[in-house]
Amino acid sequence: MSKRITIDPITRLEGHGKIEIFLDDSGDVERAFFQVPELRGFETFCLGRPSEEMPRITPRICGVCPTAHHMASTKTLDDLWKVEPPPAAKKLRELVYSAFMIEDHYLHFFFLGGPDFVVGPTAPAAERNILGVIAKVGLEIAGKVIRVRRECRNIIETMAGKVIHPVFGLPGGVSRGIDEVQRQEFLKTAEFTIEFSKFALELFGDVVLKNPDYVDLVLNDAYAHQTNYMGLVDADNKANFYDGQVRVVNPSGDEIAKFAPQEYVDHIDEHVEPWSYITFPYLKKIGWKGFVDGPDSGVVRAAPLARCNAADGMATPLAQASYEYMYETLGGKPAHCTLAFHWARLVEAQYSAERMKELLEDPEITSDDFRNVPTETPSEGVGIVEAPRGTLVHHYRSDENGMLTMVNLIVATNFNSAPIAMSVEKAAKGMIKGGEVNDGLLNMVEMAFRAYDPCIACATHSLPGQMPLVARIRDSSGTVIREIRR
Amino acid sequence: MVSLTIDGQKVEVEDGSTVLQAAQKLDIHIPTLCNHKALLPYGACRVCLVEIEGSRGSWLETSCTFPAQEGLVVNTTSERVRKTRKIMVELLLARCPEVEAVKELAAELGIKDTRFPKKNEDCILCGLCVRICREKMNVGAINFVNRGTNKKIEPPYDKYSAICMACGACEVVCPANCVDLSKITTRKPRPIPSEFDEGLSSRPSIYVPFAQAVPNTPVIDKDTCVRLQTGACGACEAFCEADAIDFDQEDSIEEIDVGSIIVATGFRLFDSTQITRYGYGKFDNVLSAMEFERISHASGPTGGEIFTKDGRSPESVAILHCIGSRDENYQEYCSRVCCMYSLKFAHLVKEKTDAEVYNFYIDIRAFGKGYEEFYKRVLGEGVHFIRGKAAEVTDVPETPEEQGKLVVVAEDTLLGVTRRIPVDMVILSGALMPGADADDIGRVFSLGCGQGGFFIERHPKLAPVDSMSDGIFLAGACQGPKDIPDSVAQGAAAAAGALSLIDKGKVVIEPITAEINEDRCSGCQLCIANCPYAAIEYNEEKKISVVTEELCKGCGTCVAGCPSGAAHQKNFEDEQIFSEIEGILIGAES
Amino acid sequence: MAKPKVAFYWCASCGGCEETVVDLAEDILKVVDAVDIALWPVAIDTKLKNVQAWEPGEVTVAFINGAIRTSEQFEWVKLLREKCPLVIAFGSCAHIGGIPGLANDTTRDEIFANKYHRSPTVVNTDQITPQEQTTVDSYDLKLPKFWKDVKTLDQVIDVDYYLPGCPPPPDLIAAAVGAILEGKLPAKGAVLAPEKALCDTCPRNDTKPDELTITEFKRVATSTPDPEKCFLADGFLCMGPATRSGCGERCINGNMPCRGCFGPTPDAIDPGLKILAAVASRGEADNEDDAKTLADSLVDPVGTLYRFGLPASMLKRSVATERAQP
Amino acid sequence: MADQQFEPKIVGFLCRWCSYTGADLAGTSRMQYPSNLAGIRVMCSGRVDPTFVVKALKEGADGVLIAGCHPGDCHYSEGNYKAMRRHPMLVNLLEQFGVARQRVRLEWISASEGKRFAEVVTEFTEQIRALGPLNWNQRVQAECEMV
């Protein structure tokens, strides 16, 4: 019987995550599986609940991107209750959402994924974390990182009550507004954030792009996948996180689908495997072809780079520039290299910062008219936003009293579950040869999925601690002959 | 003041008094027919003539009009006075030989007969009616018409008066009883029914509610008093020497703080019109027990004489027991007193008339001291007892002797035959019922209502006069049907109970009052509105709710309604109830 | 003296509890100065071995968040209980079940059916349902057992202290860590938050009328709460009066009524029933019919009164058998 | 024995002034009614915390009777109105939990209605008998993982 390496659990997405790597007798990777061994059943226990409570229930799906769920849910309610929020409400929502994208992206870059580059992928585990980053970039910069997150989270907290699990979303608007004083204060935040976004990109340039090893790593085929890409775009096909239509491009970057949220059922299907609690979405038109990439694959990737690939560009000047520069460096659109997700993330953060400023410069945002109370009979609604980790779909049906009768949720990590499985397998095959397994190698395997930033990857590197990886090499009798522990 | 001498006696009277008034002050009797305290002096009848002695001789004057003056000397009994007065009365007697008032006066003056030709008029032309109508009622519906021998009193043009309000004052003041309202107005005078006499008699607008009323002072019925309605009249004022009549008095509500309360709101008699087959309200001579009680009473409308409505003395009387009591369609309970008062009625009828008396009863409950003996006695008086509840009272005769009678139909359950008894009068012994406002009273004093709606005592045996609330006692029929001895006894007991509290000067409060743990109370204040006794207050500076133990009655509603569980009930804790529940359900689920 | 060692572990939760620790990031250095983190929740080593290797007491305290839903989670918390002198239930899920606890209002079969068979986007012609054990081309793969119900931490192991909140606010966490370091912990079983209910600190408590009455329970779907007024006075059910304070009234500031993530006050045995009794008592209904109408205006009582505490409630979960069929 | 008919266990919360006295009256009047109901005396139906009711069901009661003074007759003037408002909300909640709403009953029984008390208890007992046992704990355990 073949040897097996278990990485369990890597981290949770909507629950835990688990990688099973099987080696053949020569010690090469034969097959790797990515499993999600948990499920919490929101789709079911939300049934019979008043639909308007969903924005305060669904954030608990993920405590890292609660605002994404909150917003997707709130937009679903607009649709379900057939009510159009007043302009001020839309602006307030997008303001909060932009603040969220910024703080979340930087959280990931500096606390989670970033350390791999900033400190170095093969650096001692104990340093490969925020402290390591601080040590490397210096306290003053660390201070800035912290300040950006604090101020952005302050905007969220002011509007939405809680940063972790916001409460302010209502069908047809929001529960409160902001006054002129707050607008001015937030504007300062926006400006500071824009400055920071430039700095962050420079930092990425200095630390990563100026380091050939990293560039190799980024462009390394082990991390590349030819898949379809998906993301929300506005009327001009520019990337948008809060609103718009879903656009899908194929591996060669051609648009193969563009649809309104309500039409998602005509474009998305989910595949079920008996060995994982997570479902594997794919493009309906193409169908499920298994865990394969390439032009024929139905697999579609979400998340930052996917969004950049799916869009024609960024709606704000600075971000647009960064966007173009990124693709130059990566050798054109679409880019398939998984690790470039980190770069795309910084570009998106910059866009959000600029967008935040735009929204705040419009005095209408302080209007008291931030709610239209529904008057129609509720029935069915779909809401789609771009979560930091990819496209997020909420879909509810209710009775005439607004009590839920059907709930369907496709979270970003769902979309990426098949790609993650593939990336992991590919990475494992590329990294582990001849039974040669060590800490650095395993981390690189791990980087493959960390790039997708599956929710709780966070904590992994947020404090001194270690990635839970053990490679146990068994002989054919199954007894352990060698164990490597980080 | 002026002082004068009447028949040799000196008297002091106020300026503006008349000689008549001065004489009355000396209790010197001067007859008069046209004088009335409430009216201005008039001098029409001239019977009140007196002799005034002046320096240049003496002369006659009507004392009712002649003013008392300083040093005046008056003689009321001189020969000259008597002679002249006799002639006056003879003249009146000639005009109205049949009028009682005149006849009496004649007799008083020793006049056998008049020497003048008789005219046989009924009006003595005293003018009291005219004057009271104008002076007091401000109406002037009638007046003198014609002159001399044709003089008479009539409404203008001898037509029905349009302005007469049929108050009847003219009738009341007329000494000759010759006023006939129906000749003056088409309006019908509305008599004011006497409440106490069950409407069997009428009463004036100013009246004493009933004999031995406490306090025994008159009241004015402002709905019918002319003075209070129109501002006119006020005649009564003139008669009240104590000057106690105050028309400006207003109803006022007195609030009195008391330590204890005795509820003795009594009962209401069953309304027999509910049971139509007994014909109450339809036949004149079907009476309620209370109506008969008044008729048979010495102070009643008939002075105790038992008459039918048309004034005949009844030849036979039926008394129907248990009307509305012991009857599943009305009150299931026994009203307890009806048997005995029915026997009393039977006795009275026997005593005051020669009538035959028939009792229709279910069974006779003569439970009290001396009651059985009284029952025996009434049996001995030849009263008939027919065991069987009366089925109906009808005026449809089936035999000649039933003609013009009320027929009581009943099954005689002893003989097992249906009997028809023709009678002149039927008395319905109705049930005792809770007062019409018993529910409201119960709410005010938080008294529960028990069987039939009577207030519940705290314990039927051990606390028969206490109510559920401390300091509130029950007495009399409001707690249940009761006769006089029982009511008196319970009243005395209630009074003693009240006294015992007054005597202590303090009350014992429930040991199960609520308490709010101030370390746990968040000051949400939801309990405050829950308390019916306003026993919970919000402490502004501590920001918590606090129970005032003295006011708390320990219902525990605030405890159940305390969202944080900070409130708890002493000696009645949730834990205690939990262990009760556990105890009850030991081994409930196998 | 060596820095005390701390372990973090998580069960069925969303990660918000970790995020809130990340929020400590601003004080991260302080924390790191104070303690060594022997185990980070996600860093569950491949096998239990190295935790099993700990000397009992070697790691002072285990912060455990998330509700208990799988056999695996259960094994883990049992082990941590053996090893750590102090176990602290961290966050609403571990404390009272949390939002995942709402799953106790449905069944495992329903959850599977909705997720893998009824979903409008799932194509599953072979009616596949994930299995605890499967073999895919000779590779056998395992999934942990998915329990029938969600349990609170103290329903499966002995718990010393509780840190409430969804998620617990950083100041309470800091205070708790401080208390541990200084050995100033209260009596065992205590919830490390104020004992008074939310009204105590609620900025809107002063707006309560003297005689608060409720004519109907409004829904935020069809009306917007007054930004100043006490939610109950405004007709919205608020769990505040039955819920611990200490959260910083953040939902209130977001103009949304409290949903009770901090769990019951010490004396409220079952906060759902207590708030029910409290608000119903203030209802404006003087006959059975009005009372029924008022009651019916509170849609989804279980989901509202037990939004966070269903597994910890007296009845623990719903059982469909006697439910009236619509 | 299987053929033995099911004897429901019913807990009654009786207000001290009306219903409990009514129960006494039923007793002193020698009225016959099933022994399935065990009464707990509370000062007022307003004192009945829904927690008591749920506690009883959890401890194995098949039904719960809450009895108080008729509206308007409350010894504490309005405690029974509180009970009246709580009851429908409680049964709505219990029904969602899966407890038939008929299992928790609210009745107004005055101190004089001994007969009515007996009738209510008889009728309620039969109703619960028809519903069958609740056995809450067993039913919950069946739906929960045993550890």
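Note that the chains are named A, B, C and D in the order they appear, and that numbering of residues resets to 1 at the start of each chain.
Throughout what follows, contacts are C-beta pairs under 8 Å (C-beta built on N, C-alpha and C of every residue); 3 or more make two chains touch, one makes a residue touch a chain.
Computed from a predicted structure; not experimentally measured.
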| item | value |
| --- | --- |
| Given subunit B and subunit D, the chains that contact each of them | C |
| C-D or A-C, whichever has more C-beta pairs in contact | A-C |
| Mean-CA-position distance for subunit D and subunit C (Å) | 33 |
| Subunit A and subunit B, separation of their C-alpha mean positions in angstrom | 93 |
| Whole-Å gap separating subunit A and subunit D, where each centre is the average of the chain's CA atoms | 55 |
| Computed distance of Cα centres, subunit C from subunit A, in Å | 25 |
| Residue numbers of subunit D (touch at least two other chains) | 46, 49-51, 55, 82, 136 |
| Junction residues of subunit C, two or more chains touched | 105, 269, 274, 277, 281, 300 |
| Where subunit A touches two or more other chains, by residue | none |
| Graph class of chain-chain contacts, one of line, ring, star, complete, other | other |
| Touching residues (chain side subunit C, partner subunit D) in the complex | 74, 105, 107, 147-149, 151, 155-156, 269-270, 272-274, 276-277, 280-281, 283, 285-288, 291-292, 294-296, 298, 300-302, 305, 314-324 |
| Subunit D contact footprint on subunit B (complex, rising order) | 439, 442-443, 446, 448-451, 456, 468-469, 512, 530, 532-533, 553-557, 559-561, 569, 572, 574, 577-578, 580-582, 584-585, 588-589 |
| Subunit B - residues contacting subunit C, complex | 517, 519-526, 528-530, 543, 557, 560-566, 568, 574 |
| Residues on subunit C engaged by subunit A in the complex (per definition of touch) | 8, 10, 12-23, 25-26, 28, 32, 37, 39-47, 50, 69-70, 72, 98-100, 102-103, 105-106, 110-111, 114-116, 118-124, 128-131, 134, 136-137, 139, 141, 143-144, 146, 166-167, 219-225, 227, 250-256, 259, 299-300, 303-304, 307 |
| Touching residues on subunit C, where the partner in the complex is subunit B | 195-200, 205, 208, 210-213, 232, 240-242, 245, 264-269, 271, 274-275, 277-279, 281-282 |
